[in-house]
Amino acid sequence: MSKPNPNYKGSFWEHLAKWLRGEYDPVKGRLETKAVAKKTAGKEEMQSFDQSIQKIGKYDMRMFEEGIDRQVGRYRVVYRILSVVTVVFLISLLLWTVSYMPNFGDPNAPTNNEVSQRYIEKGMEEMGTVNIVTGMILGYRAFDTFGETCVLFVASCCVLFLLRVDREDDPQSAAVEEMNDRHFEPRNDTILQKVANFLVPLILIFGIYVVLNGHLSPGGGFSGGAIMASGAILYLTAYGFKKTHRFLNEKVVDAMKAGALILYSFAITYFLYTGANQLHSIFGPGTPGNILSAGLIVFLNIFVGVEVACTMYTFYTLFRRGGI
Amino acid sequence: MEFVQNFPFICIILSMFSAIVSFILPGKAAKYLHIGMVTAVLVLSAGTLAYVAGTGESYTFMMGQFPAPWGNEIRVGVLEALMAVIFCIIMLLSVFGGIAHVEREIQRSRKNLFYILLDLLLASLLALIYTNDLFTAYVFIEINTIAACGLIIVKKEARTYVSAIRYMVMSLVGSGLFLIGLSLLYGITGHLLMTPAKEALEKIIAQGTYHVPLVVIMVLVVIGLGIKSGMYLFHTWIPDTYGYTTPTCSAILSSLVSKSYIFLMIKIFFRVVGFDSIISSHLVNIIFVLGLIGMIMGSVAAIKENDIRRMTAFSSVAQIGYIYMGIGLGTTAGVVAALFHIIVHGITKSQLFISIAGLSDVSDGKQDFHSLKGAGFRCKIAGAAYTAASLSMVGMPFFSGFVSKYLFASSAMTAGSGRLIAAWIVLGVSTILNTVYFMRTVITIYTPVDEEMRKVHGISPSKTEQAAMAAMILLNVVVGVASTPIIRALESGLAMFG
Amino acid sequence: MDVIINMLRNHYQDIAAVFLFVIGMTNLLLQQNLIKKIIGLDIMDSAIYLFLASKGYIAGRTAPIVVDGITDVERYINPIPAGLVLTGIVVSVSVSALMMALTICLYREYHTLNLDEIMMKIRKEED
Amino acid sequence: MITFSMVLIVFLIICALGVSFSRDLLISIAIYMAFSLIMSINWLILESPDLAITEAAVGAGVTSILFFITLKKIHSIRTTAEEEKKDE
């Protein structure tokens, strides 16, 4: 080893060694004031763009008390003005664009081309649906709709990940959830129960009607499923978890959901595979107007309806106490 | 129609189906199903690639019973099949590379949910690669976003929730802008499938009507997908997102998720609006400048960072800047370089994140530079993997990064002289900055330490993880040495795009 | 003046959609309260769907449900945007449910709904 | 008809602004519910009954229920936390 250099302290090598050890930041206080002027605001180094624009939202007096100097206030004003400018710019850009678009309600707009013409003229013949929109989303563009059901499925998986409480593995937090759930909850409210007695069957029947008539009238799996879910939620609110568990527990809901999804994916695979390979599908369009027509679309509607209803109900129970 | 043409469709459906089935499976079965599924998809994609490369022509595949302007469609060419193969390999290696972490960090009852997220992520990546329909692209962008958000929160720590919220806010603004662009495009063309939309747009451009909406559509699509892929200016969610989750997820998020959006953007450029109108609208200039700024600023931010994982995350900003710079050159050669860098960065960044996990494991799980001193001696294979990935990022010959840097430099010559000078200067500066922060870490992890510090502090990576790291080094070198066929495939695939 | 009136008459649904979009996006980006952020997100999505659906409307025609077996193009509006929006609405519900779940988790950890305060608490923890 | 839909649109914008400026979260959510209902009527005017029924069931129904339950959950977490503090 060589002897220590008397000029070592403060020299380039010392800085380099410090930086390698992670104790020293070579560009701190130099670079960010020049290149990224807006970053001087806070004491944190990486005060970044969207954090900064989030800060404009509200004057938070505590920020001043925390010892961040008045500069922050000035920057906030600047950002507020900047954000107003951005908003005005965005509005005027979009309005300017809109003014070049075809007029609202114009029959000669480019959107009314051979695609929509075929959906309207041939839709009933090829798909067997009286409701052309249903024929389009579950027939012509069935893959999109399958993807959309998967969006709901993946969202429900994420919510399960976040909020599910494992009652067997973790009884303590389950008890806490139970206690939280009791707060603000009317127990055995007679008015609510009487109303629910009257309304829940109606809502459920209406939901089933909407699902089954998806190919004949407005509605379909998504709206019908949401209606059925709201019926179930009303029953749960009126009678509590204990009574609902007799016929709607976790296993039933999960099995229904998974079963509907698996059947849906089988059906869609069959549908797409036969279509792409020009094979004959055993599900023909049938007689338009009958309840058992439109081939696979009735079944697809039912699967989607069950899946949506189960998912929405699971969302509600997960939000309330972390599980059905 | 030959049966092999069904392969891409089977890949997409298979990954979605295994996600659905995993819902009722226990965690272990879901894991094996996932690994088997990815392997199957890899084999099928390789078959597709061989078929498409053999015939030399792309083909479209009806997703439904009706052809192009009426039903959904996917399109398969060399480029798509190659990307699918590479994405599957990276996915498989990333999963193997962090498998022990997954076992440790994710609750037992939630493991099947984790694999569902991975399955659906793969499905959405494949669909984004193959799709020939803009609205399908939107739906699968949403699946991708939600699955990515799920991957951020798998550790269930307080810090990750904040990153997830910030990621979601930025991403949702991005997809909102993308959908508005889509509606405008539908408003002026009346088509959602890429091929008829392009024909309609060509007519519109020839007539000269709807010039303003067309430019706005391009801007909205670029901003929307730019936000989601972490283009500079919209990159602020990156360090938080990659910095705190489990290593597998960091690797997948940085090397696959953001890349799929860039690939979709290139696809829209070539297959819908036409690259010529992108160039004539001067949008490439903005992309070019943002790419250049990103290359510098990302590296500068990485130098300032003291946490090794956040540093690597900031280096992603710089590398995505490289890709945008390649697109912004406005020539086919530039886009080929960008596509090659997508592959290179995917391979290298996943390798970095996986090896960082190995290094920090043997240093009591800490990630700051002080604790990582000498970590390369504690876990030899992780140190080697990290060094190899760093050298690749810096642009050392025999590693994949060298080839992409060479491609960028040579493709800049096909652009105008202004771009050439700017690109070369920034490439040089950025390479120096890359060297500074990557060599700093390499020096740190190989700082000589005493015997006590050479022992493992914490947990050593499992055998599977070590094997995955070794495979990643090998893959990196293979792509670096045998780059010619890949570049040729990219060129021919891009020619098929038009 | 005439330009503005013409614009209003010809594009009023689009104009509404643009304003709602910008209001929603501003809420999503600038509001500090997480619940309001989510409402902003929903408003933004609704605005986009309004924008998309208004592309399909044709004055004087009826909803695309076949009545009396008449399948004439002149009679029904364009069904495509309605179908796309139907897909979109479900997407926006799932996204907002996920955001709400995240909000509950964040509240459990930090006991506040204000993102600014959450960031400050994190910074304090790191120091 | 144009007048009616213009009035609806003005209501929509008022609701959207009301959400941003109201102090109470409960009121914000109620305003959002109103927004969804008006939007559903607007879908009817645009001749899309499918969208109207979906928006009414999903937007005004399920989403609002989820908002309310989120708010309730937050209140109950706060109450529990305060009680724990008192106990200490």
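Note that the chains take the letters A, B, C and D in the order they are written out, and that residue 1 is the start of every chain.
As a working rule, a contact is a pair of C-beta atoms (placed from the backbone, for glycine too) under 8 Å apart; a residue touches a chain by one contact, two chains touch by 3 or more.
Predicted, not measured: the structure shown is a model, and the values here were computed from it.
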item: Core chain by centroid distance, with centroids computed from Cα atoms only; value: A
item: Chain centre separation in whole Å, for subunit C relative to subunit A (CA means); value: 12
item: Chain centre separation (subunit B, subunit D; CA means) in Å; value: 37
item: Between subunit B and subunit A, distance of the C-alpha-averaged centres to the nearest whole Å; value: 23
item: Averaged-CA centre spacing for the pair subunit C and subunit B, given as whole angstrom; value: 28
item: Junction residues of subunit C, two or more chains touched; value: 12-13, 19, 21, 25-26, 29, 31, 54-57, 61, 63-65, 80-82, 86-87, 89-91, 93-95, 97-98, 100, 102-105, 115, 119
item: Subunit A: positions in contact with at least two other chains; value: 50-51, 94, 101, 109, 111-112, 115-116, 119, 131, 133, 141, 144, 148, 151, 154-155, 158, 162, 218, 220, 222, 315, 319
item: Touching two or more other chains - residue numbers and ranges from subunit B; value: 135, 139, 142, 146, 149, 153, 169, 180, 186-187
item: Every chain pair meeting the contact rule; value: A-B, A-C, A-D, B-C, C-D
item: Residue ranges of subunit A touching subunit B (in the complex, touch as defined); value: 19-23, 25-28, 31, 35-36, 45-46, 48-51, 93-94, 96-97, 100-102, 109-116, 118-119, 126, 139-144, 146-148, 150-151, 153-155, 157-158, 160-162, 164, 166, 169, 254-255, 257-258, 261-262, 265, 268-269, 271-278, 281
item: Of subunit D, residues touching subunit C in the complex; value: 2, 5-6, 9, 12-13, 16-17, 19-20, 25, 28-29, 32, 35-36, 39, 42-43, 46-51, 54-55, 58-59, 62-63, 66-67, 70-71, 73-74, 77-78, 81
item: Contacting residues of subunit B [partner subunit A, same complex]; value: 1, 6, 9, 13, 16-17, 19-21, 23-24, 61-66, 69-72, 107-110, 113-114, 116-117, 120, 123, 127, 133, 135-136, 139-140, 142-143, 146-147, 149-150, 153-154, 156, 166, 169-170, 180, 184, 186-191, 200, 210-213, 216, 233, 236-237, 239, 297, 300-301, 303-304, 306, 368-370, 373, 440, 443-444, 447
item: Interfacial residue positions of subunit C with respect to subunit B in the complex; value: 21, 25, 28-29, 34, 37, 41, 44-45, 48, 51-52, 55, 80-81, 84, 87-88, 91, 94-95, 98-99, 102-103, 105-106, 109-110, 115, 118-119, 122
item: Subunit B residues within the subunit C interface of the complex; value: 135, 139, 142, 145-146, 149, 153, 158-159, 161-162, 164-165, 168-169, 172-173, 176, 179-180, 182-183, 186-187, 192
